[in-house]
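Here the chain labels run A, B, C, D, E and F in written order, and each chain numbers its own residues starting at 1.
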Amino acid sequence: MKKIISLGEVMLRLSPPSNERFFQTRQLDIEFGGSEANVGAALAFWGNHVIHLTAFPTSEIGLSASATLRRNGIDTKYIKHTEGRIGVYFLEQGAMQRSSKIIYDRADSVFTKIDENDFDWNEILEDADALHWSGITPALSQQCADFALRALKEAHKRSILVFGDLNYRSNLWKYGKKPNEIMPDLMAYTNVMIAGTRDFNNCLDQEYSGFEAARSDLFSRFKQLEYITTTKRESISSSHNKISAKIYSKDKVYASREYDLSHIVDRVGTGDAFAGGLIHGLLNKDPQKAVEFGMAAGALKHSVPGDVLLCSEEEIQELVLGESIGKIKR
Amino acid sequence: MKKIISLGEVMLRLSPPSNERFFQTRQLDIEFGGSEANVGAALAFWGNHVIHLTAFPTSEIGLSASATLRRNGIDTKYIKHTEGRIGVYFLEQGAMQRSSKIIYDRADSVFTKIDENDFDWNEILEDADALHWSGITPALSQQCADFALRALKEAHKRSILVFGDLNYRSNLWKYGKKPNEIMPDLMAYTNVMIAGTRDFNNCLDQEYSGFEAARSDLFSRFKQLEYITTTKRESISSSHNKISAKIYSKDKVYASREYDLSHIVDRVGTGDAFAGGLIHGLLNKDPQKAVEFGMAAGALKHSVPGDVLLCSEEEIQELVLGESIGKIKR
Amino acid sequence: MKKIISLGEVMLRLSPPSNERFFQTRQLDIEFGGSEANVGAALAFWGNHVIHLTAFPTSEIGLSASATLRRNGIDTKYIKHTEGRIGVYFLEQGAMQRSSKIIYDRADSVFTKIDENDFDWNEILEDADALHWSGITPALSQQCADFALRALKEAHKRSILVFGDLNYRSNLWKYGKKPNEIMPDLMAYTNVMIAGTRDFNNCLDQEYSGFEAARSDLFSRFKQLEYITTTKRESISSSHNKISAKIYSKDKVYASREYDLSHIVDRVGTGDAFAGGLIHGLLNKDPQKAVEFGMAAGALKHSVPGDVLLCSEEEIQELVLGESIGKIKR
Amino acid sequence: MKKIISLGEVMLRLSPPSNERFFQTRQLDIEFGGSEANVGAALAFWGNHVIHLTAFPTSEIGLSASATLRRNGIDTKYIKHTEGRIGVYFLEQGAMQRSSKIIYDRADSVFTKIDENDFDWNEILEDADALHWSGITPALSQQCADFALRALKEAHKRSILVFGDLNYRSNLWKYGKKPNEIMPDLMAYTNVMIAGTRDFNNCLDQEYSGFEAARSDLFSRFKQLEYITTTKRESISSSHNKISAKIYSKDKVYASREYDLSHIVDRVGTGDAFAGGLIHGLLNKDPQKAVEFGMAAGALKHSVPGDVLLCSEEEIQELVLGESIGKIKR
Amino acid sequence: MKKIISLGEVMLRLSPPSNERFFQTRQLDIEFGGSEANVGAALAFWGNHVIHLTAFPTSEIGLSASATLRRNGIDTKYIKHTEGRIGVYFLEQGAMQRSSKIIYDRADSVFTKIDENDFDWNEILEDADALHWSGITPALSQQCADFALRALKEAHKRSILVFGDLNYRSNLWKYGKKPNEIMPDLMAYTNVMIAGTRDFNNCLDQEYSGFEAARSDLFSRFKQLEYITTTKRESISSSHNKISAKIYSKDKVYASREYDLSHIVDRVGTGDAFAGGLIHGLLNKDPQKAVEFGMAAGALKHSVPGDVLLCSEEEIQELVLGESIGKIKR
Amino acid sequence: MKKIISLGEVMLRLSPPSNERFFQTRQLDIEFGGSEANVGAALAFWGNHVIHLTAFPTSEIGLSASATLRRNGIDTKYIKHTEGRIGVYFLEQGAMQRSSKIIYDRADSVFTKIDENDFDWNEILEDADALHWSGITPALSQQCADFALRALKEAHKRSILVFGDLNYRSNLWKYGKKPNEIMPDLMAYTNVMIAGTRDFNNCLDQEYSGFEAARSDLFSRFKQLEYITTTKRESISSSHNKISAKIYSKDKVYASREYDLSHIVDRVGTGDAFAGGLIHGLLNKDPQKAVEFGMAAGALKHSVPGDVLLCSEEEIQELVLGESIGKIKR
């Protein structure tokens, strides 16, 4: 059991049941999800002590968000409840050749007004093993960027391993800053980055010709960097994908097998499940096992409705070993 | 069949099924509702040509909102679809001694940015018989107040009968203006007001000692005023209310019977159903019949889930006559 | 355990969930119900051997109808499955002051074409104790009228006690015959009639001034008649009724208590539940107990969704005795 | 935006949820659908002005049918509401090797009694660009055949482009006429036919040896004929099909790509979606684009529950271009 | 915020939706509930630190039980997960004159095998303010009785206030011991008892003629006893009850108002909600306020589905004050 | 129509809807299923007279279990209802690479206490054609083993063909006996065994090197043995399997085609559907047709939710012939 800190916005996710489109549905299923908390939930499900840092409204919907994280095993003691709104995202699940669709309604959420000084960093980070952030947080507001940077600095001060999912999204970054004004500072405190060439180009305002170019520049520019991790996804349709992942150290590569994923149930949060598995694996010091465990976690998430991987370590290990796939377990 | 214009915000209503509380629910039922459109929907259901003026997002959720009004018989030709968000309200249905609860998340909706000049008033108001507005619209933003005033002036110019539900809500009016800076101008163009003493005091910054004081002042101050209408509700519990209504002209009173409403299904929109019935009745020139028809419409709405009264004129007339109540109609 | 024959149409019942109106619903709950089979199902639930005679389509929907009767304990061995359609009725549950509404789509069902010669009356009626019919059957078609008359004659021949629920419905009787051309023959073979003054007037083309006038004429006209039973229902609203019943012999009256029925769940089939209880009671020869048992059965049905009373004898006896009402039974 | 007239029966579709069979289900999901109105709904969704001509009952279920078309953007002003019943079809969705199953209960619907003289053809067809009919309509009753023929003649008189989906169904045509007594007259006014060899053989009482034989005979026999369109479907299972389409002019062929459709959600209405796309494309004069747009529309429909394609032009164009398939759109 | 320990079995509750009976339902709604944990959940909802002591299986259903308590704010750190089964109870909600019905399937649950030595009492009870037990626990098995007695002794040693809901149930106590062999020892460590005459008679094998007789004997026999609390419930039907409560010290009585509870949603857990309110109130030293707060909590629970009161202190206070009942709160 | 006796436990099956995991679900769908009764239900669906022998509780849940078998066409006359519990199994449907999961809670069910002397074997077995048992029954308790042996002996005495599905499950057999102490006696009365090498090794405590070794030994050891049947399943994932079957007589082999089963809906009961088809086929004396019919039945079951194949003989024959696969049948 490790102590891990995750931080980031958690939104109310509303999605039509049974393949319905937004235009026709009369009901919405509720989940609460956000990239970093999804990572945290996976880690908590495997027995780690995960503290998530975020802000929710004081309303019953905010209380319910907090309770849902708690249900998933996350330590919610440090979550701030303040007046305001929760970010919302409407998710229409795709099927076949029809894409999934997300409509965001997240502007001005209480998370965007989070204050780094409201958190007792000594208490939160005491004896922590790892901290996980993503590029979504600094993209939301200056307060969010400040909050993320503070967290990373505090973690760095205490030699806590920092994982960062760069996760560049062009439809965010609306508060006046460009990624490369903000991201390099955060990347400088990050030991393991989950990112591809497109993320690096956008976050650093570069035009790397390919991943290898990016990789060599990154390792020379960011001295604390230990690993870069990338995932590859081939979309045959919304219901059928193929995925695989690689971990790169400065001079080595650890590749996972490729999974053929047909009959997809819910693709949302699959990258987060991978990130959770990766962190869980790397905290145990074996990159090869980590990339296999992470990818199996990511693969299994496609079969679970909701934002969160709800699969045990044993289930993931069985997939890594290729055992009992599709059997009925009694 | 009359031609009637209604105007106002329509929100996405999200409510837990089966008496569940926000804290525990995993699903939300979808409706689209707003006070003035609810009035319009009732009028359309009875065969009137109702044009509703509002704004929705261009997203599928905005298209669905528009389609839902259209399904209810409203003419949606003049609705504006622009980039932005739809106002949302979360409704937790009360039961027994537990109150119903509404959480608004309506700030910065596309309706609050509506522009009076986007509408072709000549075409919209041609041959119209009535226009209905409520005090919610001018409470939302300066643009909304301007839009309402413009509509009323245009209606007045064409001798269209104007109905206004003053509907003072203290938790709105956040854009810097006070009600009495805005409402008197609108009231000056209104022929039939739905309001009680509290509404008058707040809208006019008065301290009328009681309804009669308000009534006499109102009729002397607003020369175009033909009727004031008030409803009275006694809440024994969320599941059991008693309601009645009165129409006052300058010198006469028309009172409805009182309804004892037990086993309430959905209280939201009951005032709007009353207003719809009132307009329908008054356009036919008989205040006594209008108050009875309106109150019966309002009473029946308590039995229908959603924001909108979906009851025919015949059903309402049967209740007015006290016939067939609780029978099975085959 | 008695052997009882019931006969009559069973329809596919389709009703919107959760108080929704037809106009707004997106789903329909399925039941299969018909007055006489509802009576039979109650009797079967209490351990009697009940044979129901009817016809269904050969389609899966017809098979499902048959299977549902069988599930409820009815012997379905003699049901005919033929090409054609099943009668359908759409039921909108009322609430409060809003009435329940039934839309029939039953014309040309396979039952209307039933052939009396398709049934082996010797085998069916062997050792039977009672037969139950209703006035709905002869109202549907000449074949149905012939079928009912044949069944009654065959029962009479074997001294089987015949129960008949006259149940006059003005919107049936569309095949060219008037009730008084058909009903007197059927009444002549009936030992126990469930009916009120209105039924007698319509079935016999009389204008009895009141129940007592009808009663004395009926007992003198129909020599085999042992009892007339009437129920009285006061409808405060769709959610609140009061009911009671009386059994009249030629010279005695047996009255049940009155039940105050608030928070009604499903009123359909409550008269059938009463009839079932009445038959169950009268086969045990005690009219006073029969009227109390029947009325308690009818009262309890208001609390059970669907067409069929699914309450045990013990539950009904408890209500007769006024014990444990509203307690939690563990 | 074009003005397009569609005509044909719209039925109440009732289907068990979640892969259930008729025999086991307790609930039915409601849709309203019919081949020609499905075509109309697709065209309306893309911004065309679509008038649908049909008849519905006056009951709430008939009103709900009308309202549902209106919700989908169809102009319902000319729909007749008369006493009677709505056609019903029960749909059991297939899965895997199990076929989908439809039970029709459509006899004697109000549509079968439609009267061509109840429609103001001048007003309806004014400035129309196209009219769409199918071979289902003349198969239902003589009145329906007369109604279709009248519509086609009126369209022809005004040089409106006529599309016809021959759609021969052997289980219809029960009113005493054979297809070749009726269909040739209708085909004579049709500019674009959607049909295969089997349709031609049945409608014209021919025995064409293959499509090419039919094609050359058709173009020589029907002088107004501009295009014949055919689709080809290979059924690996209920969940997996392959489809493609071709447009033939007298001397040219335009072929679409083939779509591999796995994880099918709802196959009903996919031919109608294709027809809608075809009309939309051909009104813009480019047969190659029309066949690609139509086939992409048809392919996407397989992913949408219900009878109606609810996909925007942009979504269909993306599939035509092979972009973003299976991605999450944010 | 107080620290409170609750202990007792938590079962999987399975109940048919929408007033259905067990015999007809096809679905069961899931809750997890147990008398003492329900008390704990109410106390946690109001901000107290509540530790619940119980045992669950290691299966996903056991994990889900634990997670649900955690979601409700309970500290689940000390819950034991061992191989075995969870107790199950099937709940059929009553309605009208039909009683609610519970079928227990709780034998041999892992809780019945709980071991007092598996708990670190020093850590658990450190700085605790109160401990709550009920008479259900010692009725289940000798291990359970030992576990309860140990907890009470440990609490007594540390001067923690002990609340006990005697809750005699005749269908438990099947392991060979009689209540009066076990209960007196437990009552000797209890400061506040929730019980009526029937409980005292059964637990102490007495035949007190009435409550006053019991009260005087109890206070003289149990020296540590500070208060006895009783509730009174009048059942008009399953949907309509009246309730009130009293707290007795040795020489004083504190009575709550009576609540008239119509349109009951879910009666289960209402006694637990009262107990929770009572504890919350008494820990603040004012018996009059405690009895009013407790009874208002119990009354509100009737409106909330599930085992657990999910109402805030503010909502309960409003009911105590009689404010805003049945209003819509915006 | 044959008369067939099946015997074995029927459990309450509870499963989360819509791909949900146990940990997250809030609802459970109800089925009643058990291997042998599933076989019986398939046989009854095809018109055979099937008597199932089992025991259920007297509770409403036990009554509902019985009623559900009756609904599926099984003769439930000889089922025993006694005080106690029903066995429960919780089923989590797998998807993709995630396995299905079953949690059993079946200990101490009333079936495990079944008494062979409670059955009137003369009446039950009169004129029976076949009896079906499985290896689950003798694995549950000594009473169950005795009950099975008695049934087989009684069948043998009357020359009834005995089918046995050996179905070795290691997590049963907890009552002190080993399979080879019990199974050989039962196998000695069995004419057709459904089993693979693993079953033979476990039931006979052998270590056969492969199926052929087992086969030759079995046929020499068990003189009454006519056929051994095996099925082969390849699990690509929970959603995609391949299956085929073979029947072996002493010297011949009959092989079915292989089915490629993608988009699996519900795998539970597919082996039982195969067994039902096999029995149906073999009673008609054609092993080749039997293996094809059985395998097609098993294949189709994958598309039907629940434990029971609800497909007609015609549907299965169509699959055998490869006709109409994936078509819409109208």
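The rule we apply is simple: a residue touches a chain if its C-beta (ideal position, glycine included) is under 8 Å from a C-beta of that chain, and two chains touch if they have at least 3 such contacts.
Small disclaimer: the values here were computed from a predicted structure and weren't measured.
Novice: By the touch rule set out at the top, what is the minimum number of steps from subunit D to subunit F?
Specialist: 1
Novice: Applying the touch definition from the top, give me the chains sitting in contact with each of subunit A and subunit E.
Specialist: Intersection of subunit A and subunit E contact lists gives B, F.
Novice: Please report the smallest number of touch steps linking subunit C to subunit F.
Specialist: 1
Novice: Out of C-F, A-E or A-F, which pair touches the same way D-F does, with over half the contact pairs the same?
Specialist: Checked against D-F: the matching pair is A-F.
Novice: For the pairs A-F and E-F, output the one whose chains share more C-beta pairs in contact.
Specialist: Pair with the higher count of C-beta contacts: A-F.
Novice: Return the chain whose centre of C-alpha atoms lies at maximal distance from the corresponding centre of subunit C.
Specialist: Of all chains, A has its centre farthest from that of subunit C.
Novice: Which one of the chains is farthest from subunit E, going by Cα centres?
Specialist: The chain farthest from subunit E, judged by C-alpha centres, is D.
Novice: After a C-alpha superposition of subunit C on subunit D, what does the rotation angle come to, in degrees rounded to the nearest 5?
Specialist: In short, 180 degrees.
Novice: So the centre of each chain is just the mean of its C-alpha atoms; given that, what is the distance between subunit A and subunit D in Å?
Specialist: Each chain reduced to its C-alpha mean, subunit A and subunit D end up 45 Å apart.
Novice: As a quick test, compute the distance in whole Å between the mean CA positions of subunit B and subunit D.
Specialist: Averaging C-alpha atoms per chain gives centres 41 Å apart.
Novice: Mind pulling the subunit E residues that touch 2 or more other chains?
Specialist: 18, 21, 23-24, 26, 67, 101, 262-263
Novice: Chains as vertices, touching pairs as edges: which of line, ring, star, complete or other describes this one?
Specialist: Its topology fits none of the listed shapes; call it other.
Novice: Among all the chains shown, which pairs meet the touch rule set out at the top?
Specialist: Those chain pairs which touch are A-B, A-D, A-E, A-F, B-C, B-D, B-E, C-D, C-E, C-F, D-F, E-F.
Novice: Write out the stretch or stretches of subunit A touching subunit E in their complex.
Specialist: 67-68, 70-73
Novice: Would you tell me which residues of subunit E are touching subunit B in their complex?
Specialist: It is residues 17-18, 259, 261-265, 299-300, 302-306, 310-311, 315, 318-319, 324-330 of subunit E that touch subunit B.
Novice: Once bound in the complex, which stretches of subunit A touch subunit B?
Specialist: 14, 21-30, 59-61, 63-64, 67, 85, 88, 90, 92, 101, 103, 105, 107-108
Novice: Quick check: in the complex, which residue numbers of subunit C touch subunit B?
Specialist: Checking each residue of subunit C against subunit B gives 18-21, 23-24, 94-102, 104, 169, 171, 235-241, 262-263, 267-268.
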